[in-house]
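Okay, so subunit A shows up in both of these, paired with subunit B first and subunit C after.
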Partner chain A sequence: MDKILAKKDFPEWLKKLKAYRVYAPRKQDDVWNYEPVSGPDNVQLADVMTAVPAKKIVFPQREYFFEFRETDDNGTKLTELLPEDNPVVVFGVRPCEGKAVTLTDKVFSGEFEDPYYWKRRNATTLVGLACVNPPSPNCFCTSVNGSPHSKEGLDILLTDLGETFYAEALTKKGEKLIHEGQKLFKDPKPEDKKKAEKIQVEAEKKVRRKLNRIENVPLKLKGMFDSPLWDEESMSCIRCGICTYLCPTCHCFDMNDEVETTTPLQGKRVRTWDTCQFPDFTMHSSGHNPRPEKSSRLRQRINHKFQYFVEIWQNYQCTGCGRCISLCPVGIDIIKVVEKVRDYGS
Partner chain B sequence: MVNIEDLKSEARRVLKGGKVKYIIGYERASETWKANPIFLRTPEAVDKLVWDPTCFHNLVRFVVDEKRRKAKEKQPDTRPVGIVAKGCDSRAIIVLLQEKFIERMDVYIIGVSCESTGVIDERKLAKKTAGKTVRKVEFGEKQNYIVTTEDGTMDIPAAEIMADRCLECIANIPVVSDHLLGDKTKRAVARPFQSVEKLESLSQEDKWKFWTDQMKKCIRCYACRSACPMCYCDECVVDTINFAVTADTTAEEKAQRIKWLEKSPVDSENIFYHLVRAIHLAGRCIDCGECERACPVNIPLRMLNKKMEKEAKELFGYDVGFDADQPALISCFRDGDPEDFIR
Partner chain C sequence: MGHNVYLPKLARIVEIKEEVSGVRPIKTFRTNFLDGDGFLYRCGQCAMLSVFGRGEVMISISSSPLVKDYLQFSVLKMGRVTSALHDMEVGGVLGIRGPYGNSFPLDEWKGKNIIFAGGGIGLAPMWGLVHMTLGNKKDYGDLTLIYGSRTSKDIVFKEELEELKKRMPVHLSIDVPEPGWSEFVGFVAQNVLDKKLSPHNAIAITCGPPIMIKTVIKALKDLKFEDEQIYTTVENKMKCGIGKCGRCNIGRHYVCKDGPVYSWAELKKLPQEY
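Up next, the complex of A and B:
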């Protein structure tokens, strides 16, 4: 279903979304982030890249699993704490982030369906904004099977036509959201569609970086586990959490019991993000650390994204948003690292 | 002004002579206008060396890595590592020497003076260039930077985009070095500690609100700690990795090992983390600003540490990172030390 929405009517549409908790990018202290919207006039959709990706809405950095409590008869009472399923809508989602959500969808389904993730995911409507000017100098979505107007994972794709948005509803959730706007949405004229398509094609040419000829990288990585390349490439890594916490596709987590009182013993089991770049990541209780060096941690990040994930899910676990490049404090560049793997020994 | 050719020839000279294991310096990769750390192992590699206003990283962080690496090697190469050090970086070396974390012969210091212009603040520059792609940033002749973008060049007065710490810098020429490049010039852009004055003037409630609002943004990526050359503890409160487990350690003991703080990014834990870090940096932070620069959500961490530096100065007359023989603030006591704050 394709529609047209005048930009001046956008706040009106927001006003009709009373049933939803609405998120959109907001700038604070020079940094963009998805934040709850304070009022219908406070949303300006633009080509921006947030620091923290939209994954935080379906996969928050911290969430509860259950509550535990010691009972009078020395037993334990467990209460599951599933997230509420109040509807949420996120505006301004970048196409690379929409695609990233389709990858976390895979991880949290299958053999171990994750009810916490799916409760949020099913309640969330993602309204994407096609990139007219790719927001980051390090965007490379077109090199990893994406595009600045990719529809994957999104419920609606908006394309900025200047005075209007060209709105494509892509799922039932998306159609429902457009229905909430009722008469604000008009049927597009054929030239609107043409214009949207033209903008989308132009945008592809503006994606500034490329990662070419990587078809053989997954296979190649298999033979490079002990390569000295990892030492060399990780020399300047300071092993922080930036490249992984802020990656829209990274999904590793840790679980801890947060004790609130000891008599009676009471608290919550909590899930938080975790990252392969931290020194205690997957450390065994024996004290054995499977990835003790930063070289093995960089290798894990690259292998997971360009080998293991491809083997399991037939997709790169990278959608080319460029965050890990732009935000790395020492300029470690995933494009360069993967190119070096590609060209290694030739 | 530092002549890049002089820097390169000194680097070549020490590498050729086998005096150093490698040199930690700055390069610029083709896709970026910013400098990145580089580790030069051969005289040929020296061609990559750059020195420009984007050399903001404190490379002393990698001297800490080198010490760890050496400790694990069976037959360690005991030669020093070469390092390109600015004034602030050299003060970090002084603190590491003072704390006996490294020995003087562990490092060969090629000092570079920042002279009248320090390094830039990327976020300030981004505002000036407003979305244009930057290609290059160079030192100008008179307290200015020449910025080349896709649209041509801009001449920007240094004070407008200089890193905050450089505005208040008290050592724009290295305080310790084996080979020094550039001149000793004056740079008085702001009063020392000027940046903390505004926060200091707030009421207690407003200060608390300011910091709790800022700390809410923290995602606990620990980039601030990881970028810091002073955060060298083998075991940090945030990740207990050295809990000794033997065949006899019971599950109970494992479960009850001390967990100083939760991984959850909630107010109490975020504030606890940052206060622990600030206290541990009192009299040690040399204001290289790396924590603040690395922070992906732009929390003004420098203000916390600068305030501690100011306290050390005002209460104990202590200047950080100038004298390797001076006892460390936290581990010394003098009869005349004020104690009226102990209540």
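Up next, the complex of A and C:
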């Protein structure tokens, strides 16, 4: 279902979304992030790259799993703390983030479906905004099977036509959201569609960085486990973990018990993001660590994204947002590392 | 949406046995689920134990699936959660999630001679298997157990091992001589060589400290066992137990879900990340 929404009517649409908790990018201290929207006039949809990706809405940095409480009879009571069902809508999601959500979807599905993730995911409508001007100098979505107008994982894709948005509803959730706006949405004219398509095609050309010819990288990596490359490339790493925390596709987490009172014992089990870039991530309680060196951890990050994930899910675990490049304090550049893998020994 | 995969079932500790005391203590815990049922599991599988307030730890199930009235875990005191577990008493309540992981391919082993070679706490992941095969003895050839510990005080399942000797060959060893010790002195690998085990129609399973596993596999290779005839279990740091937290992988394998049981032929092909 394709529609047209006049930009001036956008706040009116928001006003009708009373049942939803609305998130959109907001700038604070020079940093963009998805934040709850305070009022319908406070949303400006533009080509911006948030620091924290939209994954935080469906997979928050911290969330409680359940509460445990000691009872009088030497027993224990557990209370499940599932997220609420209240619908959420996120505006301004970048296409590369929508695609990333389809990857975390895979991880959190299967035999052991993750109820916390899916409760949030099912309640969330993702309204993507096609990138007219790629928001980061390090965008490289087009090299990893994506594009600035990719629809994957999104419920609606908006394309900025100047005075209007071209709105494509991609799922039932998306249709419902447009339906909430009712008469604000008009049927597009053929030239609107043409214009949207033109903008989209041109945007692709504006994606500045490229990671070409990587089809053989998954196979190549297999033979490079003991390569000196990992030492060289990880030398400058200060193991801050930002490349993974702020990656829209990274899903590693930790689980811990937070004790509130000890007698009687009461507390909560909490899940928090974690990263393979920390040395204690894999450290056994004996002190033995299968990945003690920075080099083994960079190797893990690259191998997971460009070999293991590909083997399991037939997809790179990277959608080309370029955050890990832009935000790395020492300038480790995933594009350059993967290029070196590609060209290694040739 | 079905059952919450992160929510443990509650179980009460009904029996605790101090297997080994000293600086590396081992205790065996028997548990009953509060709701009366349990779960069905296969030999080699593990479960995530919760000590509420401390966290979770993945432990192999050391009872055999033939036992219906309790689940058993033998635990070496090592980190935060296992220490807390060692402080618990009979009547205490634990959380249990699972069972997790793959299992020993018992169906493929029908008719074969089975050799168990364990060291230290490494007898625990095989203990259910020993009893399972013994319980279905007509399905298998000869069963042989080789087990070593540092000293005679470090032997787990001591009385049970004595009982077991009446039903199958059991070869014990300790690392250094002790007065009154009549069995083998030396490492498990040396004992394996000493017993001249035949690879003919045999499967050998070895579990224990990494260095022991390495040397036992080498000894088995010296005895002309093929890689496909050798099995072991792998341990890695775990949190979720279900292939989501990304912590326990060896290459594309998540040990929690795709392991812990590997043949040497399979393990050899994976990167050394354990």
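Everything that follows uses one rule, which is that the second predicted complex is superposed on the first by the 346 of 346 C-alpha atoms of A that agree within 3 Å, B and C clash if a C-alpha of one lies under 4 Å from a C-alpha of the other, contacts with A are read in each partner's own complex, and residues count from 1 in each chain.
Going forward, a residue touches a chain if its C-beta (ideal position, glycine included) is under 8 Å from a C-beta of that chain, and two chains touch if they have at least 3 such contacts.
Just so you know, these numbers come straight off a predicted model, no measurement behind them.
In the superposition on chain A, A:119 makes contact with subunit C only, not with subunit B.
In the superposition on chain A, A:254 makes contact with both subunit B and subunit C. In the superposition on chain A, contact is made by A:236 with subunit B only, not with subunit C. Taking subunit A as the reference chain, the count of touched residues is higher for C when subunit B and subunit C are set side by side.
After overlaying the two complexes on the shared chain, residue contacts for A:219 are found with neither subunit B nor subunit C.
In the superposition on chain A, A:265 contacts subunit C only, with no contact to subunit B. In the superposed pair of complexes, A:285 makes contact with subunit B and with subunit C alike. When the shared chain is aligned, subunit B comes close enough to touch A:61, but subunit C does not. Once the two complexes are laid over each other on the shared chain, residue contacts for A:137 go to subunit B alone; subunit C is not touched. Once the two complexes are laid over each other on the shared chain, residue contacts for A:29 go to subunit B alone; subunit C is not touched.
Residues common to the contacts of subunit A with subunit B and with subunit C across the two structures: 254, 256, 274, 283, 285-286. Residue ranges of subunit C in contact with subunit A, taken from their complex: 1-2, 4-8, 10, 34, 52-56, 78-80, 82, 91-93, 95, 210, 235-237, 239-240, 242-252, 257, 271-274. In the complex of the two chains, the subunit A residues touching subunit C come out as 65-66, 68, 70, 74-76, 78, 80, 82, 107-108, 110-116, 118-119, 225, 251-257, 259, 262, 265, 267, 269, 271, 274, 276, 281-286, 288, 290-291, 296, 300, 303-304, 307-308, 311-312.
On subunit A, the positions that touch subunit B within their shared complex are 28-31, 33, 51-52, 61-62, 137-138, 208-209, 235-236, 238-242, 245-246, 254, 256, 258, 270, 272, 274, 278-280, 283, 285-287, 289, 327, 329-331, 333, 335-336.
Interface residues of subunit B facing subunit A in the complex, by the touch rule stated above, are 29, 31-32, 34-39, 57, 61-62, 123, 126-127, 133, 217, 219-223, 225-227, 239-241, 243-245, 254, 262-266, 290, 293-294, 296-299.
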